[in-house]
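What follows is a group of structures, each given as structure tokens.
Consider the two complexes below, in which chain A is the common component and chain B and chain C are the respective partners.
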Partner chain A sequence: MRTTMIDLKWIPRALGLGLLAFAIFGPLTNLVLWAVAEKWYFPHALPLQYGFSYWVSVFSPRGNATTSLTMSVIIACLTVIFSIGLAVPAGYALARLKLPFRGAILLVLLIPQAFPNLPVYVNIARLFYQIGLNGTVVGVVLVHVTHGLVYAVWIATAAFSAIDRELEEAARSMGASAFRTFRDVTLPIAAPGLLASAVFVFLESLDEFTGTYFVGAPDISTLPLLLYTAGSGGNYQIASITALILLVPSIAFMLVIERFLRADVLSKVGR
Partner chain B sequence: MPIPLLGLLLVTPALVIVLALFVVPLVSSITGAFAVDGKFGFANFHKAFELYSSDIVFTIVIISLSAVLIALLSIAIGGYLTLGSNPRAVAILRWLYRWPLFVPFIVVGQILRTFLAKNGLMNSMLMQLGILTPMQTTSFLDWRGIVIAFVWKQTPFVTLLLAGAMASLDRSMIESARNLGASRLRILIEIILPQVLPTLLVGLILSFVTMMSVLSVPLMINAQSPTMITASMAFRINAYGDYGVANALGVISLLTTSLVAWVYLRQTMREHR
Partner chain C sequence: MEGYLDISQTRVRYGDNEILKGIDLSVRKGEFVALLGSSGCGKTTLLRTVAGFNTPTHGTISIGGRDVTRQPPDKRGMALVFQSYALWPHMSVDQNIGYGLKLRRVEAATARQRIDEMKALLGLQALGSRKPAELSGGQRQRVALGRALAINPDILLLDEPLSNLDARIRLTVRHEISALQRRLGITAVHVTHDREEAMVMADRIVIMNGGEIAQAGSPQEVYNKPNSDFVAAFMGAENVVEININVFGSSIGISEGPNNRKAVINRGDRTLSSGKAIARFRSEAVQMAAAGAPPASIQDGLVLTGTVAQVSYPGGLWRHVVHLGEVSLIVDSATRFDEGSAVEITVPETALYIFPHP
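The block that comes next holds the complex of A and B.
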């Protein structure tokens, strides 16, 4: 594609794109460097010594990260099961059934998106403290479910609305019961959308900090809480390794979800 | 079973969760803010303004500034994605701008804390390039760090919505304006922007609510005073167990976001009249 004439317009373009790339990948590079730095102090631009000794201590069987990682995954899995279990019937009803007070129901499901959630977590923590749910896995899962449920219901509603009604009607006219039609026709077609929402809820739970900080800490330690405590203690290696563990599934999700992220799909969410 | 009843039955469990674990605590944060020794009063608000008025101003200034920067950047990126003449540059930009979208806030806090510090990679690279001497380096871990964190994380989100809205516009008007010799900047500002303004506002309001809720970024980047009211709320509870003042600060943040949402709603109502 190279021509002898150098396109002068590439100078401002390359400059702009280069600056943007630095702004985006500079901080990410710094994170990776900290994760493999053994020794690094001012004014050296790069670490003086590289190594994986912090990784060994983080992933040792009794290391904090192993406990926090296990806890994070358990909480995220329970959150997914609970949220999707609630979101599938709700999404189906919102998409397919005649529903009284539909507007009001949608409004209630929109509220968690419209208000800052910090005051809510503060008061949930207070309530949970009174009924003994503070510092328990159940308490943290409930907080994560409330947060994830809204997205799960929206995505489930969009997934069910997108299904051609004629397929369900054909099944019904051949004598299948309403439940059987749902199980054998509707659910399999909606499955990719529901799977995407499950992954999304999983990641939201994995990355959640504020709710866990108020309801779970210090008894429950998830990866974000470990990151926070390690970072406040000035242990940037441990914090950076934890951040990398959190980053990998998120970036992988972004690359996989690329085609779902088109604006025309997003615009259907919440309708 | 009649269909409407079945539908309600299917929605109820999800509704109960949201009502019990979001709406009820939300209401109790409001009632708690006005409760002084079990009676109705404004003492919590007096105390909140007395102790944290600089934090309240700081929060509103930081978030407004971030929102303006996010708007400008997302218009610029979205505009280039829509009007850019070089397909390769557009493809690179489209691949590039999305990366921070899925980086969790807690990770954003950590990576920018190391990147923007006095001895962080940003200053080291500027020193290597000879732009700064070690004596001239400063830490960006104050209000600037918070703004950078918010803009870094939220710009891709708003751009994604905005670029989608721009892409679905009718191209014929843009093409005819270009044939008449209008510059691309003028097309962006006078033709494209007015049509995608509602989308931009939705994105900015959702970002506003998000920035009002984030606790990790102010805790990790700017722990000194003044700070964001999210951090003040956490401090009030952890240090004093003072739910009254924390709830008063919560109500102030609720009111701020409601005000923004209300301005937006009024605007759209007027447009649809």
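The block that comes next holds the complex of A and C.
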């Protein structure tokens, strides 16, 4: 009797894990199936015909995927450069200097996230339209930076706080100027954390839809916009292929983050 | 006497707390000075102030006549060895040792030679390409020392560099550091809370208490002639009894008390006035005998009478806990006295430190 009770214990756990796996891999499977389906309609559970003709058309010169992909990467790279460029000095100041309202400053960076996206972007779009930034790469990058800066500054602050001050003092004592100390000691030690924050910003920018739509469309087309157009047009094959392309950098970068973002940095995020 | 490193009237505060309350200290070129004190006495603050990481609110610090009080740490020509060693984790042993040379734009070949010299000096030859994380505590400590010595600093500052080492390694590293310092003729200031470490390593010991210098002098001086109750206690004279004294001319008379006999000792250079006083002495500096022995001359020193409460053998001498009424003393003796036996403890004049009752 006792043994059977123990034997049955795996059932709820197995069910839970099964549901979790289905929740994660179900949509992904659907995505992959759609990406290679030539013909698939109700009530059939699986595609009727498989093939890569949609891949060819997506990557053909007439298809917009290549242009959108290039545009997405350019915007993401610019967003990273801009965000990290701001986050390094800001994070260092927040971590090291005795700033008044330190907590308030960190909180202010969250504000763009705190308000509903749509009204914010509609207003930004109106503002950018007046000053001629609508439909430009710069305009879209600026919108992405407001998003990316939160990750960048918060993680950079944590990365700098995690560095033992004595390491910097040792460099000063050896005769290094404040700037030299930052370049030779602080920055290299903080680099893994900064790299991780750059990856977050990159992914955030690559995925961003709402802001790009209001500020960039129709002149600027990124992969999420292409996906939206294809999806709303009922073209699930094109949408699925675009989604798969978007998935590649995400997975690649998650592996990078796992490698570089150390626990002592993570524990200082937001402090 | 003009020193090389001169600290005068230095005061440092953190917020409302005054950590250093006016320090005057002068260190000669080539001298090894130990700042000794318990935690919170301001010794590390003083070292960091000399290094340039704290700015005094008052007073000056000068090196060879050059006022450096307002200069940043990198312009002072000193090298600080941290308690945590503070080795840069992203650099190899060679890079850590060579960093100061790189900053000074020393030619690559010359720097290479200097790094090898340092490694040979400290026995790190095989470890040049390792990262600090791959070294043992003792090896890290030596890398930190090599990094500081590589630049030939005017003054070497050591902030408890031995406190993170195993007790056994610490004993050898102590001698290594002081031998090295003597050989290279470096001026060094060493912070420690370990009395023996300070005694063994330093030419001069500066005992600090509550942000002030309690006493400064050679190891023999502070050990044998403590100038205050605090210094005597800190230097190991932990047995304390209350006595009544009469000062007359060049002698001090100790009147008979409940636990001590009448005695007369030479005043020497003690500055005392008649009345209540406290006497301090070290456990090992006394003779113990069974009570009832023929009374010694009153000029032999202070004779205390008590009963043994506990005996133990820590090695070498027998350690007795002796009760004198309320007071309990620790007395070491070559012969063992049983628990409960009545004993007489004779403290010779030279081992007796008398201070006014607080």
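The rule we apply is simple: the second predicted complex is superposed on the first by the 243 of 271 C-alpha atoms of A that agree within 3 Å, B and C clash if a C-alpha of one lies under 4 Å from a C-alpha of the other, contacts with A are read in each partner's own complex, and residues count from 1 in each chain.
Convention: a residue touches a chain if its C-beta (ideal position, glycine included) is under 8 Å from a C-beta of that chain, and two chains touch if they have at least 3 such contacts.
Please read these numbers as outputs of a predicted model, since none were measured by experiment.
Asks: For the overlay on chain A, clash or fit between chain B and chain C?
Replies: fit
Asks: Just to be sure I read the superposition right, which of the two partners does A:Met174 touch: chain B = first, chain C = second, or both, or neither?
Replies: second
Asks: In the superposed arrangement, which partner chain does A:Glu166 touch: chain B (first), chain C (second), both, or neither?
Replies: Only chain C; A:Glu166 stays clear of chain B.
Asks: In the superposed arrangement, does A:Val153 touch chain B (first), chain C (second), both or neither?
Replies: In the superposed model, A:Val153 contacts chain B only, not chain C.
Asks: Using the superposition on chain A described above, determine whether A:Asp184 touches chain B (first), chain C (second), both, or neither.
Replies: In the superposition, A:Asp184 touches chain C alone.
Asks: Vertex at chain A, arms to chain B and chain C: angle between C-alpha centres to the nearest 10°?
Replies: In the superposed arrangement it comes to 100 degrees.
Asks: Is A:Ile105 touching anything from chain B or chain C once the two structures are fitted on A? First, second, both or neither.
Replies: A:Ile105 contacts chain B only, not chain C.
Asks: Output check: A:Val73 vs chain B and chain C. Expected answer is one of first, second, both, neither. What do you get?
Replies: Neither chain B nor chain C is touched by A:Val73.
Asks: Hey, is it chain B or chain C that touches more of chain A?
Replies: B
Asks: Does the superposition put A:Pro89 against chain B (first), chain C (second), both, or neither?
Replies: A:Pro89: touches chain B, not chain C.
Asks: How far apart, in Å, are the nearest Cα atoms of chain B and chain C after the overlay?
Replies: Value for chain B versus chain C, nearest C-alpha atoms: 13 Å.
Asks: Touching chain B in one complex and chain C in the other: list those residues of chain A.
Replies: none
Asks: Touching chain A in the complex: which residues of chain C?
Replies: Where chain C meets chain A, its residues are 51-53, 72-74, 77-80, 82, 84, 86-90, 99-100, 103-104, 147-148, 151, 157.
Asks: Would you tell me which residues of chain B are touching chain A in their complex?
Replies: Within the complex, chain B touches chain A at residues 3-4, 6-8, 10-11, 13-15, 17-19, 21-23, 25-26, 28-29, 32, 86, 89, 92-93, 96-107, 109-115, 118-122, 124-125, 127-128, 134, 152, 160-161, 163-165, 167-168, 206, 209, 212-216, 219-220, 230, 233-234, 237, 243, 246-247, 249-251, 253-254, 257-258, 261.
Asks: Which of the residues in chain A end up touching chain C in this complex?
Replies: 164, 166-167, 169-178, 180, 184-185, 188-189
Asks: Using the touch rule from the top, collect the residues of chain A that touch chain B in their complex.
Replies: Touch list, chain A to chain B: 9-10, 13, 17, 20-21, 23-31, 33-34, 41-46, 86-87, 89-90, 92-94, 97-100, 105, 108-109, 111-127, 142-143, 145-146, 149-150, 153, 203, 206-207, 209-210, 213-214, 224, 227-228, 231-232, 236, 239-240, 243, 246-247, 250-251, 253-254, 261-264, 266-267.
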